[in-house]
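Before anything else, here is the set of structures, which you'll find just below.
Consider the two complexes below, in which chain A is the common component and chain B and chain C are the respective partners.
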Partner chain A sequence: MAILPPREDWPFQKIARDEKIWMGIAFCVSIFLFLWMIIWHVYAKQNPSFVTYKTTPEEFYQLTKAFIEKYKVGEENGIPVVKPPPGSDVFMIGMQFRWEPVLILKKGEEYRLHISSLDVVHGISIQPVNMNFMVLPKYDYVLTIRPTSSGEFAVICNEFCGIGHHMMIGKIIVEE
Partner chain B sequence: MAVAVHDWEKFFRTCDVTGFKVDLRAEKIARLNAVVAVVAFLIAIIAALLLVLTRWQMFHILPVDWYYRVLTLHGLNGLVFWIIFFELAALVFGSTAFLNTRISSPTAGWLGSVLAIIGWLMVNYTIFTGNADVLMTSYAPLKAHPLFYLGMILFAVGALVIVMVFFANLMIWRRENPGQSLPLFVYGLLAAAIIAVVTIASGAIIYIPTLLWSVGIISDIDAAVYRLVWWGLGHPSQQINVSAHVAVWYLLAFLTVGGTSINEKVSRFAFVLYILAINVASAHHLLVDPAVSPVWKVWNTSYVMYLAVFASMIHAFAVPSAIEVAQRRRGYTKGLFEWLKAAPWGNPAFSGLILSMIIFGFIGGITGVVNGMEQTNIIAHNTLSVPGHFKGAVVGGTVLAFMSVTYYLIPLLFRKKIAFYGLAKFVPWLFGIGIAITAVSLYILGAFGIPRRHWDITFSGGPFTFTFNPVVDFFWALFGVGGILAVIGALIWILQVVVSVFFGQPFRGPQDLQIPIAEPPPPSEGEHNGFAAPGTFVLVLLFITAFIIFVALNYGWLAAMWEVK
Partner chain C sequence: MSEEKRSSPIKDFFDDFMLLLFLGVTIYAASYLIWGLMELAWLPPIPDEIKQSLLGR
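And now, the complex of A and B:
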């Protein structure tokens, strides 16, 4: 009884058969889900990266600037457009309230995408593939990505970063 | 040994309905906390209506600065203040009246309440005056006014003081009743209180340096450390709610149909699992963060190999089977589900209990596991799937359970008749169905990639633009309708509570009881070895099937994304 002390022999009461079976099923599902995450790490191709470097906003800004100067191919709405070679280190910086630069990538090729923030916490959300990662100041988060579809992709900020949060949209172009 | 003789009896009244001895000093403190809880809930609900009508882009009524301000108000009042104040009331009342014992220190009870209320007022004031547009999570280096952090600290300290009073009450009870076991309801509250200590300590650990940073004493707060420690408060505080609302489920099963856990050893074991495994939930929010390793993520996000999820699944059988067995003993034994059909559906506390369990399990629980698995988090993180999950878990689960039990608290704690009782039977349905629709719509909108906490998904003023799949318009409308239904349900409930408590007719005795309290069912005819609750067994199998299908679907969608490692 929920509001009265339990019967005296409660620690020794036998568990009903259906409750026992259910607990068995529930326990197995729990352990399976746990193992599944590990199995997915070993065998599947979508896992959150665990490569992180400490950095500073100044250092990361310089790295991004150098990267832009090296591979710049144009400008769109005031934002530089860069086309790095496949397999290279690619930089994208989030700041209140824009992403820099616009990236042109090649489908099926691998890139080491470095992301960090110049100011507060941001979130990078690539649409419509719907992939989401956090962007923290002072941390260089390295995502090794391989775009498997082509076209224009929006880069949305999905962590509240201030009054202009909704204007923070960038672009990744994936060519065939 | 000389013992001071106290005349404790003068502090008690004897409840004419339950026969419990109620400490009047504890009752006053519980009433104060419950009233503040309802005021916080009202703020959250008004904010919710404005937010629904802003995100539903057809209306888009709030300007950008007020959107984030109202969102901050909504998050803190709804997810933190209303629920915690309600739980403080439950802790004070549950550890005295339900144990027929006295409050250990009324002074400490008042001190804790006053501190928490001052903190609550400070936080609301700073937000409302535009000095804390940082949302509920206040991620550093976004900065709020120092009074905001100070208010949060005062609130946490006040809550902690009341939790300590709760522990001391239990010690008095233990001394005066050697050898007895706690009633299951109070046992569940005890689990909630233990989790609360760990949680609130995390809050203090991060808000104190953040306060010092906001006044310029500390030069820098690391964003990753802030997120790690803050979520030690943010997510486990929701596990206080889970523990408390599961305790309320057991209480409601007893009050509405006389159901008692068919095996208290099992139910208690599940509460112990909560205490052991649930505090690590910080990881749920850091799965796609830099700075933490996959081993840490997998171990912590799974609540130590999903032992806490296992515990919830144990309760998912234990509570409905308590109802089923009680009903079967009354003679409703035909088929698998006669017990359910013949249940007291007209009792709002019963319909609220059932809806709360269904929404918590099927919507909140399943989506929670999917969002919180390390890899599927990539396609759910910071999208509307996140509020979709906790609308199901916290609003459909905890809030609806608390609303339902309030129909018993009005006569038994506040000693008032329930105003407009005829409306009560609609409230759980309006609120429950409304919030279920809202939660599911949000989850689907999130699956289309729409971000949470975002004023304008047409990105006006941005250098580029993006248009989501046009199907989302339908789900926005569904989200709006569900949200408005839930708001109406909540407002009726608030009206009932406020009118009853402040202007209601006094409750004079059992003859004034509007909401029925079930007689205990006839005793069972001896032990048997078969299935105790076959209907419940079928329901939980249905649940586990839906669960596995949903996990599989999400991993399927994930596999279609770009490759990333």
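And now, the complex of A and C:
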């Protein structure tokens, strides 16, 4: 396929110096890019660290219900509002076509946010900070979060999940 | 005296670009597939401490 065919015994020839140098440069670049992924993850703080657990929609719903009962402080349009203590495990479930519950979190405190779906694949999109994660049934996706700004954040579904997809709007409130 | 071309298995392998293309796609596809299946198979369940803290049992 080359313009000039290589010598028949090319696999047994000694590698030339300039070729060795180029191979060395290519090797160093690939190692640097590999290490850069790790450095970027640690220092840029753009990629979230997460853990995933295996679960069932029934189990996750039961846990979310228990979480709501434990920390419920009110209701908003029929959706329970919860205020969990800082540092705790926080549950949010996506279902056709709502997010449950509304979360009240404290600015600067760390939470372990558990997200899963009761039915189909959803996508959790926290706006306007634009954080997006997949929400899959049978998997508990745990994000360690620390809200850095206060206010109301809309939680929308960014994975088409059915006829009421556009109405699937939840809320996270971050207090000072 | 017949002139026989000297050939080696390594040369034949590296000269077969269709084989290289096939292996280049297949090896990575299979590796990622197996890696993904292993990840899914080895996922732990939700820890009991979390369940107990909410369900109280």
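Everything below uses one rule, namely that the second predicted complex is superposed on the first by the 138 of 176 C-alpha atoms of A that agree within 3 Å, B and C clash if a C-alpha of one lies under 4 Å from a C-alpha of the other, contacts with A are read in each partner's own complex, and residues count from 1 in each chain.
Operating definition for what follows: contacts are C-beta pairs under 8 Å (C-beta built on N, C-alpha and C of every residue); 3 or more make two chains touch, one makes a residue touch a chain.
All of these numbers come straight from a predicted model, not from anything done at the bench.
Colleague: Which partner, chain B or chain C, touches the larger number of chain A residues?
Modeller: On the superposition, B touches more of the residues of chain A.
Colleague: Once the structures are superposed on A, label A:139 by its partner contacts, choosing first (chain B), second (chain C), both or neither.
Modeller: both
Colleague: Name the contact category of A:128: first (chain B only), second (chain C only), both, or neither.
Modeller: first
Colleague: Of the partners chain B and chain C, which touch A:77 in the superposed model: first, second, both, neither?
Modeller: So A:77 only meets chain B here.
Colleague: After superposition on the shared chain, which partner residues are touched by A:10: those of chain B (first), chain C (second), both, or neither?
Modeller: After superposition on chain A, A:10 lies in contact with both partners, chain B and chain C.
Colleague: Just chain B (first), just chain C (second), both, or neither: which does A:52 touch?
Modeller: After superposing on A, A:52 lies in contact with both chain B and chain C.
Colleague: Name the contact category of A:154: first (chain B only), second (chain C only), both, or neither.
Modeller: first
Colleague: According to the stated criteria, A:38 is in contact with first (chain B), second (chain C), both, or neither; which is it?
Modeller: In the superposed model, A:38 contacts chain B only, not chain C.
Colleague: Give me the intersection of chain A's contacts with chain B and its contacts with chain C, in residue numbers.
Modeller: Overlap of chain B and chain C footprints on chain A: residues 1, 10-11, 52, 139-140.
Colleague: Could you please specify the touching residues of chain B with respect to chain A in the complex?
Modeller: Touch residues, chain B against chain A: 18, 64-65, 68, 98, 133, 135, 139, 141-142, 180-185, 222-224, 227, 247, 250-251, 253-254, 260-266, 286-294, 297-298, 301-302, 305-307, 309-310, 313-314, 317-318, 321, 369, 373-375, 377-383, 447-449, 451-457, 459-466, 468-469, 520, 527, 529-534, 536-537, 540-541, 544, 547-548, 551, 555, 558-559, 561-565.
Colleague: Help me check something: in the complex, which residues belonging to chain C touch chain A?
Modeller: 5-8, 10-11, 14, 17, 43-47, 50-51, 53-55
Colleague: For a test of understanding, state which residues of chain A touch chain C in their complex under the given definition.
Modeller: 1, 8-12, 52-55, 59, 62-63, 66-67, 70, 89, 114, 139-140
Colleague: For a test of understanding, state which residues of chain A touch chain B in their complex under the given definition.
Modeller: 1-7, 10-11, 13-19, 21-23, 25-27, 29-31, 33-34, 36-38, 40-41, 44-50, 52, 76-79, 97-98, 110, 119-121, 123, 125-134, 136-141, 143-149, 154, 156-171
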